[in-house]
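These notes concern the structure reproduced below.
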Amino acid sequence: MVDSKNSWKAWLYLAPALVLLLVFTVWPIVNTLRMAFLEDYSGLMEKGGAVFNFGIGNFLKVIQYQRFLNCLKTTALLCVLTVPVSTVLALLISVALNSIKGLQKVLQTIFFLPYVTNSIAIGMVFAAMFNIVGSFLGSENELIVTAGIINNVIEFFGGSHVNWINVGSTYAANIFVMVVYIVWKALPFKILILLGGLQSINKQYYDAAKVDGTSKSRILTRITVPLLSPMIAYVVITSFINGFKEYTSIVGIFGENMGPADDKGRLNTMVGFIYDALSSNNQGRASAAALILFAIILVVTLINLQVSKKRVHY
Amino acid sequence: MKRRILALLMAICMLVVLTLLPSCTTSSGKKSAALFEVPEGGYDGSEVTITFYHTMGQNLSTVLDAYIVEFNKLYPKIKVEWTQVGGYDDVRDQISTEISVGNQPNIAYCYPDHVAMYNLAGAVVALDNLIDSKITVTRADDTAEILGLTDEQKNDFIAGYYNEGREFGDNLMYTMPFSKSTEVLYYNKTFFDEHNLKVPTTWDELEQVCAQIKAIDPESIPLGYDSESNWFITMCEQLKSDYTSATGNHYLFNNETNRNFIKQFRSWYQKGYLTTQKIYGAYTSGLFTAETGTRSYMSIGSSAGATHQRPAADAEGNYLFEVGIATIPQSSNSNRKVISQGPSVCIFNKKNPQEVIASWLFVKYLTTCVEFQAEFSTASGYVPVLKSVANNPTYAAFIGRANGGAYVSALSAKVCLEQQDAYYTSPAFNGSSKARDQVGALLVKCLTGDDGGDVDAFIKKAFDDAIAECEY
Amino acid sequence: MAETNRVIMHEKDMSKVKSNSKVGGVFGKIFTYVFLSIMALIILFPFYWMIISSLKTLEEYRLSVPTFWPKVVMFGNYAEAFTAGNLGRLFINTVLVGVVSTILSLVITVISAFAFARLEFKGKNILFAGLLATMMIPGELFTITNYGTVTNLGWMNTYTVLIVPFLVSVFYIYLLRQNFLQIPNELYLAAKVDGTSDLKYLWKVMIPLALPTLISITILKMAGAWNSYIWPRLVANDEAHRLITNGLRNAFTETTGDVNYPIQMAAVALVSAPLFIVFVFLRKYIMKGVSRSGIKG
């Protein structure tokens, strides 16, 4: 290909990015490593003159946390559930949007709207949609003031209301709500990327297929998806990475409690765990947890890359 | 590619380990805060700028601005710059980051657990030497004052508020009370009068009143308690049982007395007597002010939130019902306890001792100035930290207007003034807010959980788990 | 115009082909519209909620049973939000930071993605994998170290500190590299033979072809400037440099520490409006860029 004496040019082009990354990303990572191996390191205590032992105590402490496995389970579960659902849904919406003419502009604008909707507003509305206000212990003194919009809809169709996020709700119900919320939040970004990709696909491929009388579903699986595969790979890989860093969505629905009121921390995630350690200024433990999380994400991403190498068509 | 990444990671790890090893020594310890050495001569009149972080809304910062002007008439060379930093947690997060590079402000709004955290770095000034200083300072209007507090000034502080500054386990004073609130019992006075109900003063009476209300209006939840954490901690205080300690083993709340009151509350909850904000799923004030359907007739919440507890007015400006306010129920009338909340202020160590002295002069001015405390309290709904504010004509007039409708804030302040002997504060240490969160969640869990047939075992298990979470 | 005509012509041909081959097309169309409408309603709901919340009184907002339309419509909230929030200054700061950081970020992203997609050099793959790996570490951990760095650089309370640290996004480089990779290498080699410089080739060929992606990046970056909160609060919280989210968060806190949500929502709606208009405007460009893409140009 291009002769390698030109490689200085590549480094020149990369220089601005690399310099900035060195200062604002790589150095913090090195510092994170330092903190992770200093037992019970705290920035404030160091400032106060404390000296810390070198060792793997932080890692042991993280792993020994009684709810560590629980954090891991919730994080992984949310990832595995939300990534396929949101990707498929975004793909369907993008394809549908790309196929229509009337109202296309309006609908496209609507699907961009969440970018200008403040995250505080979004969290509030989702919590309100699923929240049951009232007292509901046993059938005897169940007093429901309002069951939430979702339950109203269920009751309208003859079902009985579900305790989604309140006291006494089940883990499955909580996870369901989180999946809905996370998918909702993830959709606009994915639609944006996939629609951008779709619209740069050469129309000739479709024309040929249509002349041949290929069915729609076949066009989708045999033409659209393969041609879109770099974008899909991008969307899947980044949403796995973001999925493992999930935290703010849970705060949005459940607040700092990270779970229903009677089970604090039930839905805590890895990043939530890191935040807890940071807010008590235990950066050592936070760093150790972050490195463990990093290792997990690295493995998942390598698997993803391996899979996409086989499936992505450039 | 996989192998290459691994190699890269290994290389980074090695590098870090190598750079770290030489600097590693054993022993770790907490720096004990040294007392501030007041320089001879006190404030030398030099020009200093001091920064103040707070969370005041615009109406309050206007009051603050007015008194900065007044302060500058006395000390024209001390320039005060304030920054409004979101909420209390934001202040904590910002300052703890700033301390790590020595960039902290001079003065900040604080809660005790924030100060305990800042003190990991020994960043907060212990005020004792300043408070006790007899050095005379001359002011611009040619009057003089002593740098410290006079006995009169010290005694004017409401004791429960002032003592909060010493709850850090080393008997040093780190904070000055700035503006306070507490919890009060709001009740539907119209309903209580109509049915001839007695406002409960003890928890036993509360139980009876709940039963009576339930008989009158079976659809109701008689009591809504806003803060689960406050309820737990206040019960510990009222029953003189252990909650936490600033020194030694911090988390002491897993004991027989505490498990028993929780068990009792559980039975009340099961009878439908009460709810809390987290159990109810919305502000309990919304239940108290509801116009139709399920409602409550008593509500325990912040004294500063009185206007939220008032029902909507009709077109003529009449309120749906009259609000009554009383001290929260007690376990025994000989040991009355109500929680003290709201911001204090602390001063940070700085290289230039004049900045610390100037900060102290400003803090002293704000906390001991009757006019400021009166005006600030009227604007905020918080209560002043000085007893003598009650005699201030403006504030007295404000209190004089107290009623259960338009002037419900004044009524709330009036009740607070009457219970000023009952304030308590909890020990503060790094992690005390974790204990606070845990006991709140614990209360909810114990009230509502499925006990599987053995309620004692269920409660014991929940307490054990909460302790384990705290101690982690 | 010529291009538009070409597209229309092309669509006409296609519709002929379609009507010949498919009878169930109408049903498919209806299904598509129903599906899109339902999804659009779901997407719109929180936006609607923001608007009605911004028109409520605080008392109504705090009711246990949420109302779907304000009982008393409080347009006054908007006036109060504007004055209390000092929105003018916040707005100028945010636009300045948003525009400058977007432009610089685009430049850096384009040349980096170009290097990764088109140039060959030793250690390219491992470097790229390394960059991807940095995305996997929760950014919260960087805050403390970066705070120290910018303090040492003397950047506190400047525009620089709001712009520079986050100029490079591995996300965007990755996204654009993927897009560049789709453009056949032959074009580049041909350009090399013709003696076209890299930059000219980038400007004339790569950028037009990757325009939709670049616009997506622009949108994301601008929205980022609009929503960034923790970092600006920490490093530039003075009147002169404060950004909109910080201003909003600070301005409407009640004395009890509660936030006056209706007014905050009004302020959010106010500051969202310009961004929304920019989006509507940019949407046309996306379409334009898209109709121009396609390899034969």
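Order of writing sets the chain letters: A, B and C. Residues in each chain are counted from 1.
Heads up, the rule we're going with is that contacts are C-beta pairs under 8 Å (C-beta built on N, C-alpha and C of every residue); 3 or more make two chains touch, one makes a residue touch a chain.
Quantities reported herein were computed from a predicted structural model and do not represent experimental measurements.
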{"item": "A-B against B-C, pair bridged by the larger set of C-beta contacts", "value": "A-B"}
{"item": "Closest chain to global C-alpha mean, per-chain Cα centroids", "value": "A"}
{"item": "Chain A-chain C separation of Cα centroids, rounded to whole Å", "value": "17"}
{"item": "Distance from the mean Cα position of chain B to that of chain A, given in whole angstrom", "value": "36"}
{"item": "CA centroid of chain B to CA centroid of chain C, Å", "value": "40"}
{"item": "Contacts with two or more other chains, residues of chain B listed in rising order", "value": "1, 5, 100, 280, 282, 286-287, 290"}
{"item": "Junction residues of chain A, two or more chains touched", "value": "29, 43, 133, 145, 298"}
{"item": "Contacts with 2+ other chains: residues of chain C", "value": "64, 133, 144"}
{"item": "Residue numbers on chain A that touch chain C, as the complex places them", "value": "1-2, 4, 6-7, 9-11, 13-14, 16-17, 20-21, 23-29, 31-32, 43, 89, 92-93, 96-97, 99-101, 103, 105, 107-122, 124-126, 128-129, 133, 145-146, 184, 187-189, 192-193, 196-197, 199-200, 202-203, 206-207, 210-211, 213, 216, 230-231, 233-234, 238, 241, 244-245, 271, 274-275, 278, 283, 286-287, 290, 293-294, 297-298, 301, 314"}
{"item": "Chain B-touching residues of chain A, taken from the complex the two chains share", "value": "29-30, 33-34, 37-40, 42-54, 65-66, 131-135, 137-138, 140-141, 143, 145, 166-168, 256-257, 261-265, 279-281, 298, 302, 305"}
{"item": "Residue ranges of chain B in contact with chain C within the complex", "value": "1, 4-5, 8, 55-60, 83-88, 90, 94, 97-98, 100-101, 103, 181, 280, 282-283, 285-287, 290, 302, 304-305, 308, 312, 379-382"}
{"item": "Touching residues (chain side chain B, partner chain A) in the complex", "value": "1-2, 5, 12-13, 15-17, 19-21, 24-31, 89, 93, 96, 99-100, 102, 117-123, 219, 221, 269-272, 275, 278-282, 286-287, 290, 293-294, 430-431, 434, 437-438, 441, 444-445, 448-450, 468-469, 472"}
{"item": "Residue ranges of chain C touching chain B (in the complex, touch as defined)", "value": "59, 62-64, 84, 125-126, 129-130, 133, 143-144, 147-148, 151-152, 156, 233-234, 237-238, 246, 249-258"}
